[in-house]
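Following are the structures in question.
Look for subunit A in each of the two complexes below; its partner is subunit B in the first and subunit C in the second.
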Partner chain A sequence: MLDALKDIVRKSSIHVCLVNSGGCNGCDIEVVALLSPRYDLEQYGIYVHNNPREADVILVTGAVTEQWKENLRRIYTKAPEPKVVVALGNCPISGDVFNQEGSSVNAPVSDFIPVDAELSGCPPRPSEILEAILAVAPGAIAAKGRQKK
Partner chain B sequence: MILPLGPIHPGLKEPLRLKLKTQGEKVISAEIDYGYVHRGIERIMEGKTWQKAIYLAERVCGICSYIHTQTFAETFEKISGEQAPLRAQYLRVLTNELDRIQSHLLANSTFFKAIEHETLFMYMLALREPVMDAIELLTGNRVNMGWNVVGGVRMDAKDIHLQQIMEIMIKLEAGYDRYVEMYEQGPLVGLRSKKVGRMSKEDAIKGRAVGPIGRGSGLKHDLREDHHTYRDHLDFKVIWRKEGDNFARNMNRFDEIPQSISLIKQVIENIPKGDTRNKVEIGKGYGEWRNEAPRGEVTYMIETNGNLINNVSIRTPSIMNIDSCARYMLNDVATVSDAIATYASVDPCIACAERVIVANEKGEEKHYQGIFDIK
Partner chain C sequence: MSSVIWYMYEFARKSWAEKFAGAKSEYEIMEKPDRFRDFPEVFKEYCIGCGACTAACPAPGAIRLIRDEDTTDHDGLTYPEISVGACIRCGFCAEVCPTDPKTLTCGENHLIREEFTILPVDKMYVIDDYLCIRCKKCMKSCQVDAIIEEDNKITVDQSKCVSCGDCTDACPVKGALKVVHIANIDEQKQIIRLIVDTLEKTIENRQEEIKKLPHDKTFKMEYPLATLKEKALDIINKEDMVQDLMEKMTDRLKMRILTWDKDKCNNCRLCVNECPSGAISYNEEDGVKRDPDKCLRCSTCYQTCPFGVAGYYVAKFRMDQNIDEEDVILITLKPSQLPVVE
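Moving on to the complex of A and B:
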């Protein structure tokens, strides 16, 4: 009974923290575009506030630069359970164009924190980002929440 | 007390650490820590052909990605001594101005978010989406367009698309004054923006402020005046203001948008027929080219041996603007929330700004620096 109630509540209020771990910020502005009235992220119960301490979903963009190697893990541990990590764009998956000789990036993100879902694109379209969050987050958050018991 | 903000913070879009020295609620001074997005782009570009390097240039910054490829291509055109065909130059102006409109609208929306004016924030983002559609119509992508090549642009634009862009611009212009009036005459917006975060003209010169930030403080400087396409074929005038506060910087951006719309209309009405791409033989040499990005002046310095890039150095506007914000604007700001609003008003783009890394001989002890730290 309580679990079922928690599932419903968690599905309809997803708090998102956006972490740019060293990309070109193209993905970040597509997330900002999601807030616009055309896509209207908040009608799906998703709220972007960039605060890891109360996040359900951590959106990671960027290819993990030197300074993020330790800090990414720290941000991940600060988010309360249950949490879902979505890697957004090509950078956190493969390093994109930056993953070449002489660069200071350490892709992929999954070397540092566990990643639940990946979305490729440079950058992905806002509708794709929305679809990815909605496809992964509610189910995964509910499942992880039950696991903990 | 030192109040650290960031790198992940509700008020900031991009990772950066802002250390505010506060006394009570008052902010006395500010310091900035860089280095969260340093990817080493210039180093990767070395030893590559331009065909490979231009993709890296595009990904220096996501918001003004267009101007980086244009400047990169024009640097190579300067080295080779050949210009792009006139139709390609017009198409470059068209894309550049579309990119400028969306960037300015995004910058202003960020400021309205920082002063908690959600209504204008939503209006700005709603205005921006049709412009993104226009960019997509023309180039096929919303953010990283891949539109420029050395010697011209990648493909020709269809007349029907140009007409559709014209319609989008007419629609944007029709409803635009209402939002400017909301900003200009809104009493609450005025309280949060007028006489907050002031920077005098002398300080702007000392801090090397460029773009709308410099122009908001009375520096009459816009590189589009000197650019050959704008100078020879288009009607263009520099917009600037004297006040030097948050209000002036945002108002300057608001005022530049109708001018960009007018430039787009001029381009669509007068665009000549012809090729869009020249075959360019790149010789050996060194070239330097400057362009006006939405945030100010972008400089590319490239040394090539004919085929491969030997050395490249990129100077982006954000680093000067963020540093002059920390040094001159965040002095004696009344509240912390005003300090965040001031920081948002300089339109910081951290991905642009991360250009310098200083390491000792063994490669240990790395520092990431702003311009005032370099000795």
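Moving on to the complex of A and C:
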């Protein structure tokens, strides 16, 4: 009974923490576009507030610069269980254009924290982000919550 | 009190309740518009394995030439493979792809389409829409009103253009207004081939010095322009065209140089299978051999080899005068910063 209730709550109310680990800011702007009336992210019960302490989903953008190596782990440990990490855009997946020879980015993000889902594009369209979050996030969080028990 | 009653009345209305219950996003926002440039599409049967797409790609690791397994009937196909996790959908690969029909297609890009002129001229003026800043200085300078604005794009009406060249003087952006020599295409190709071949040979003749180059230093050398120009003039005797061609070439040319240190080779044959064009072969007598004519200069062998047999350098060129005021081509060679296993 309690589990079923928890499942419903977890599925219908998702708190997102957006972390830019040193990218060009393009993906962040696409996420901000999601909050606009045209896409209206909050109608799906998704709330972006940039606080890892109450986040269910950590949305990582950027190619992990030197300073972010440690801080990324800190943010990850701060988020309560169950949590889902989504790598947004090409930077956290492969380093993208920043991963040139001799550069000091430390992509991919999965070297530092476990990544559950990847979303490619540079940047991905807001509709793609929305589609991906809605397809993966609710189920994944609920599943993780059950798994922990 | 009255406002509360108003709210209750408002919420009790049937149309409001229906809208509230059936609220959903419009489907159209989830669709990509026609102009959206999606990931490139690969038609692998057209590929000639030139490697132009890998050189043009701004994202390292986004595009890679791979080669199918050879069968008894025919050689395996060489073709580009797009990694979706690194591609930024810029469409540069589709733009530079020289095959016809194109191996890579990628939506709309700033491709210059071929047009033809009815005047017997050997120069054509085209505007690169990608670089054009729409200052319209060329429009004002044009004496025959051949430059027009259409859909917020400045274009040259080829049926009106008289090839006077006033617009190039007026244009403030380097490269936005391009002068294309449309006559003597074959001769131009010959000259380009001649320059590239001689420059590469000159660099490769000094391999021994280049190999000793430390990682953070650049190697500079000069090549006298006079002899090269003489040879080019032998191919076609048009001074201004040759000069223009050489300037543009040296400006844009970026050459990848591969050195091969046979003494270090331990015949491990890791590179043989990795090579996308099949330029590296192995047999018992000669060991591992690299065929420079087949080589694409993709640097895969450099990244694969655990013994440092292959060296990988990038050369850039510029036309300049040296201390004795002779015209020379300045060659700058830089070792690659790609990580390599020591």
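Definition applied: the second predicted complex is superposed on the first by the 149 of 149 C-alpha atoms of A that agree within 3 Å, B and C clash if a C-alpha of one lies under 4 Å from a C-alpha of the other, contacts with A are read in each partner's own complex, and residues count from 1 in each chain.
In the analysis below, a residue touches a chain if its C-beta (ideal position, glycine included) is under 8 Å from a C-beta of that chain, and two chains touch if they have at least 3 such contacts.
None of the values given here were measured: they were computed from a predicted structure.
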Task: Return first, second, both or neither, reflecting whether A:50 touches subunit B, subunit C, both chains, or no partner chain.
output: first
- prompt: So, does A:102 touch the first partner subunit B, the second partner subunit C, both, or neither?
  reply: both
Query: So which one touches more of the residues on subunit A, subunit B or subunit C?
result: B
Message: Looking at A:90 after the superposition, I want to know if it touches subunit B, subunit C, both of them or none. Which is it: first, second, both, neither?
response: second
Query: Where does A:22 make contact in the superposed view: on subunit B (first), on subunit C (second), on both, or on neither?
result: first
- request: Pick one for A:125: touches subunit B only (first), subunit C only (second), both, or neither.
  value: both
- request: Please work out whether A:37 is in contact with subunit B alone, subunit C alone, both, or neither, and reply first, second, both or neither.
  value: first
Query: What part of subunit A is shared between its subunit B contacts and its subunit C contacts?
result: 38, 96-97, 100-102, 122, 125
Field: In the complex with subunit A, residue positions of subunit B that touch it
entry: 7-10, 12-15, 35-41, 43-44, 46, 55-56, 58-63, 65, 106, 109, 122, 125-126, 128-129, 132, 142-144, 349-351, 357, 366, 368
Message: Under the definition above, what is the set of subunit C residues touching subunit A in their complex?
response: 23, 25, 29-32, 36, 58-62, 83-89, 336-339
Query: Of all residues in subunit A, which touch subunit C in the complex?
result: 38-40, 43, 90, 93-97, 99-102, 118, 120-122, 125, 127, 130-131
- prompt: subunit B touches which residues of subunit A in the complex?
  reply: 17-30, 32-33, 35-38, 49-52, 62-63, 65-68, 71, 75, 96-98, 100-105, 122-123, 125
